[in-house]
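Below are structures written as structure tokens.
One chain, chain A, links the two complexes that follow: it is found with chain B in the first and with chain C in the second.
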Partner chain A sequence: MAELATRTLPLAGAHGGSAGVRLTPAAPAERLSLRARAEDVAALSQSLGLDLPTKPKTSASASGRTALWLGPDEWLVIAEGAGSSSSDLKAACASSGVLHSAVDVSHRNTAILVEGPGSAAAINAGCPQDLSLKSFPVGACTRTIFGKVEIVLLRTGEESFRVEVWRSFSDYAFGLLAEGARDAVL
Partner chain B sequence: MLLIHCPYCEEDRSELEFRWAGEAHIARPENMAGITDEEFAEFFFLRNNEKGLTYERWRHIHGCGRFFNAARDTVTDKFLMTYKAGLPKQPVPGVSATEKAVETCEQTEGDAR
Partner chain C sequence: MSASVKNVGAFRIKGAGRLTPARTARFTFDGKSYTAMEGDTVASALLAHGVHLVGRSFKYHRPRGILTAGPEEPNALLDVSRDAARRQPNVRATVQEVFDGAKISSQNRWPSLSFDVGAVNNLFSPFFAAGFYYKTFMWPRQAWTKVYEPFIRRAAGLGVAPTEEDPDRYANRFAHCDVLIAGAGVAGLTAALSAASTGAEVILVDEQPEVGGALHFDTSTTIDGQDGYDWAQDTAAKLRAMPNVRVLTRTTAFGYYNHGFLGLAERVSDHLDRPGRDVPRERLWQVRAKRVIIATGSIERHMVFANNDRPGIMLASAVRTFLNHYGVAVGRNVGVYTAHDSAYEAAFDLKRAGVHIAAIVDCRDRPGEAVLAEARALGIDVLTGHSVTDTAGRLRIRSMTVARNGNFDIRKIEVDSLIVSAGWTPSVHLFSQSRGKLRWDEANRRFLPDTYAQDCVSVGGCNGTDDVAEAIDEAIAAGGGRVAVHGESRFNWTGGMIGAAEGAGPDTTVKAFIDFQHDVTAKDIRLAVREGMHSIEHIKRFTTNGMASDQGKLSNMHGLAIAAEMLDRPIPQVGLTTFRAPYTPVTYGTLVAHSRGELFDPARKTPMHELEAAEGAAFEDVGNWKRAWYFPRRGEDMATAVNRECRTVRDVAGVFDASTLGKIEVVGPDAAQFLNLLYTNAWDTLQPGKCRYGIMTREDGFIYDDGVVGRLAEDRFYVTTTTGGAPRVLHHMEDYLQTEFPHLRVWLTSTTEQWAVIAVQGPKAREIIRPFVEGVDISNETFPHMSVAECEVMGVPARLFRMSFTGELGFEVNVPADYGPTVWKAIWERTKGMGGCLYGTEAMHVLRAEKGYIIVGQDTDGTVTPDDAGLGWAVSKKKTDFVGIRGLKRPDLMREGRKQLVGLVTNRPSDVLEEGAQIVADPNQPKPMTMLGHVTSAYWSENCGRSIAMALVAGGRARIGQTLYVPMKDRTIAVEVTDTVFFDKDGGRIHG
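Entry: the complex of A and B
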């Protein structure tokens, strides 16, 4: 019998891409679906150590944590590098003392990193967003649709994106991204 | 592809991110238990299905997730305006809401034509 349970990511071992696009499954991260009222945002921002964005399509990052605006009262908070089942984010939110809903969705989502000069074109293979730097600058994020699945898209650099997708859809998303990556260099 | 303006995202987004959610501005009766079956049917089942300007609820389901209201022309399929949920029915500039251009199937396609 195994002495140790090892965690396997839904996209473990997946690789793909093309000359212009690199596709990499992201490392495990802690994720929180956070909902709160406008008057409680300041208190939650303070206990999370970052300013929860209140403008559409914006994100905020500080000390390894990123908060993505998904809706007027909804955020996705990602703590990178937190591969274990620690609940730092939930505890941080709880310490704010204000009414909120914080649901740990670390294992619901997985992420694909899309990098390279053709990254926007690869994503646009299945996503209707305008990904020009003018309307989707670095740090912009949105929940949107990619082919038949819903994704949360975050632009981490001029030529790099993070695609957050539900784990059961990740094979589909990775496959469609690989197709898009192939088309992006044509 | 249609572009729909989401009043919460403050941006035009692709129709793929949206879902239709029925006619807007239908007030739920306050004394639900007290109304007759006919009144309930009127509230619950019967819709005007107007030709021309209609007010509808839409949901930005693959975006911010919010419901909002839209004024849409059912003839041209054009979105005339969108506004946040909870606001009263907004007048559309240049379009009269009382327009009665009723054409029935009998008038246009039936034997009575």
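Entry: the complex of A and C
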């Protein structure tokens, strides 16, 4: 075999942001679209090493893995850091022995980190959700719209968010975030 | 703004107003240069220089001045420009703040404002009566497109749209709050204090540059012992300092929609001399409010009398605003014509500022004692029981004609300005937009909020609460907090009149204007009623009363009263027209906000897009996707490139980017059963490691989508859809799963973007990919046509399909998307070395047509069954159920003679048919001809050496061998009906 394939990231070289908002393409991460019935959540939680959240708009994190509640039977599981791979995540789910669907979506999504005092305002340039800390506290997540595209939004800190977006929509999402960031300073 | 002291206008009154003379700005109006003070509107700056004539009316081109001091201004619509590209027509002079260097022009006049040829319409006004357009342009019919429509289009609309692209930025912001308060007058500010004290998130909005509302003009109000206006500014500062309050000035709440959703337009930088590059011009706020407090106050009405529209005739509140806020006197010899005490206050303020008051003409016999006493004390003549029956003056009012009511003795009084007031109309626009129902307050002749449709409350003037102390109590209660605010005012809002005044009654033909903007007079309303318009909605449309930006602010009540009088019905029975958003005009830029240029719509690009672009690809739009269309080499046009690509794929091999095809992973123990129900084919018989072409029908039996489905494992399928069909097919499947088959243990996940898909098609395809693939033997024996395997390609986990949309030996290499570019590059390098090519969607279309493969949406149109498309073999005969099984059994879908997909070859091989062209059996049949069907796909096929086409033709398969005809504009093309396979009829190549 000739050579090994290497990765080309969808937002390679993207830059934007303002005095109040920093926009950074996130490092590659492993992602799983996990589907399971309520009775199997406990077993899967144990295998994954985190409690799969069961309340809308919540997430759970443990040892580099984050599970985002997207629906009554649907989670987006993200594993960050070089040590993990999607096959690890898939294998962990498989080891639970319970019925589920685990589909690798590591490359389907990419992520943009939005940080700074104007981060919520920048996202609100295109996202109609209430991002006040009261309604959307740290750890809250939602599958929502951002301008004309769908995103999964996770609040990672009081002034920081992770925007998960399908790769072909990431140019648009980054561009609109950059516009929002310019306006969020004012 | 420059700091030097300049001539800021001869009509500035020393010591009056709130503007500081420290900073000034230069602007031009119709080419003449003027100096304004910081904080001036265009209106106040022009009036300071004695300029009243600012425009020409829409229909009659009558000279018009500044009527109001606010957003309800119907006359003073100007063209304001910052530079060549930043020019906006129809800007209200009373709203636009002066910035340094503004170039301002009047509109609707030629050759000049003071001499306007169009004013001839005024002389011919008997011909321009209400309903003129409807009557005049009905006949003859042929004249409509050539004469009438161009004429109406030229005449319609004020101002001239800018021609250059708008260089400004516009922003959008979504926001949420507990309480949104519209209007920051006494009531709004108090409500904000009250709501904020509870800890609620509050947004307070006001359309003016500063808060205060009526306190801009009414100097009689004191709150908590402080001057009202000063209290308002202090209160705003206090509110701004609170973390739970956002105060937005220069912001109009223009629309109140469902579920507490409001649109706000914030004018961020229109008032700045030199806005920064990052500053948007305007910002759209889309606010979801739990509760709304409407504190929009009232709008003053004008008097309806003959020639009430001359420049210099102004509302009392406007006159007071110009004096008390901007320090400008509207004239030197001012008259008053009123039906309401509030106009007296304007006269008193002017008199105290040293302006001569010619007379106060009051149509009432008994005005309030207090105002009469004060007028006497100030030495102002008051004529009670009198009316102004006419005015004179060409470009500005020169005199008013006054008569005792019911008496014909008239006298002329010289004036240079005339203050008018017929009383106050509660501004119920937002309340009505929220779908609230109004009630008629007979005692005070006004409509007031009655039944609420949403969680909102009206307070103060817009609720008919005229007493300031009561309004404050109401506002505190609405805010839900405990605050103490004490206000006193001697301003009287109650009373006045609606309808035509003395001398403009039904027995007259004078021009007494109701809607200044549309030149609608009292006479027009009466004419509309006489001509049978008995509904207020019909009257509005017949006369254009209250249309466009007025939205009933000034014209509504007068028009209604006159109509009610003519109809001899009480006003509530005549009813009100609908109040529509926007309350005041909103620019397109604000509504579009960020959605322009590259952010107008997402451009979806595959992982290999940049590499393909570097290879010279031309791209075509497929939905939001950019797909490589063809790869022209130097000197090639599209046809040459496509011909070369088609030939090379069949001779050697070609590489094609198929990443955009929809992909859905179907996982679960019942996956096969689910697919059995969604597709016409049978899936339980498909072995893992194999693929099958599947057809999906809707309940009605018509083809919905198609694609290849691979079985990766017992419980895992990889479904592909058309590029455009990906989202709707997933929704269709999810819909059935959740509503019809919820018992099935299966889940659907979109993986379209997870995989970069590189198709290699052609006799050398296997040889090309072999060195990159590990973990599967891709020989023909172990990996035949329609196989699938999970393996490694260039060291990364991959899914390899053996399938073909060209009829050639073909593979589709799926690698995780980030790896797409390097894998594509390696495969392409090797392909190139072997004499292969890159090919795009156009060649793909030709190659599949050569094999008779359909494209859903091109060769089908939502009325085509699998059998119609020649795909009856894909419908399982054994299955007892699938979506569409009943539909397919409908008699119409089973009858003989349905349109069927067939091939067409032209008698002259070089003739390429037009897609969409109709097909007939007898080209000499007189029109209308019997049309048998239409051409769905047509191409030049380089591989066949001739044109090929597919068509849907009635009873098509039975016509194979017949000659049919395709009549075109200039000739008729004879075609022979064939089957749909034009190349490699026995299909051997695919198994190579």
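Everything below uses one rule, namely that the second predicted complex is superposed on the first by the 177 of 186 C-alpha atoms of A that agree within 3 Å, B and C clash if a C-alpha of one lies under 4 Å from a C-alpha of the other, contacts with A are read in each partner's own complex, and residues count from 1 in each chain.
Operating definition for what follows: contacts are C-beta pairs under 8 Å (C-beta built on N, C-alpha and C of every residue); 3 or more make two chains touch, one makes a residue touch a chain.
Just so it is clear, the model here is predicted, and its values are computed rather than measured.
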Message: Comparing chain B against chain C, which has contacts with more of the residues in chain A?
response: C
Query: Looking at the overlay, does A:Arg108 come into contact with chain B only (first), chain C only (second), both, or neither?
result: second
- prompt: Touching A:Ala38, do we find chain B (first), chain C (second), both, or neither?
  reply: neither
Query: After superposition on the shared chain, which partner residues are touched by A:Pro128: those of chain B (first), chain C (second), both, or neither?
result: both
- prompt: Touching A:Thr142, do we find chain B (first), chain C (second), both, or neither?
  reply: first
Task: Across the two complexes, find the residues of chain A that touch chain B and also touch chain C.
output: 128-129
Message: Quick check: in the complex, which residue numbers of chain C touch chain A?
response: 169, 171-176, 201, 268, 278-280, 283, 286, 288, 594-595, 598-599, 601-607, 624-625, 665, 667-669, 745-747, 749-755, 771-772, 774, 793-797, 815-823, 826
For the chain A and chain B complex, residues of the former touching the latter: 56-57, 70-72, 74, 128-129, 142-145, 150
Statement: As the complex stands, chain A meets chain C at residues 1-10, 18, 28, 33, 35, 73, 87, 99, 101-109, 121, 124-130, 132, 135, 147-149, 166-169, 171-172, 175-176, 179-180, 182-183, 185-186
Residue ranges of chain B in contact with chain A within the complex: 1, 8-11, 13-14, 16-17, 62-66
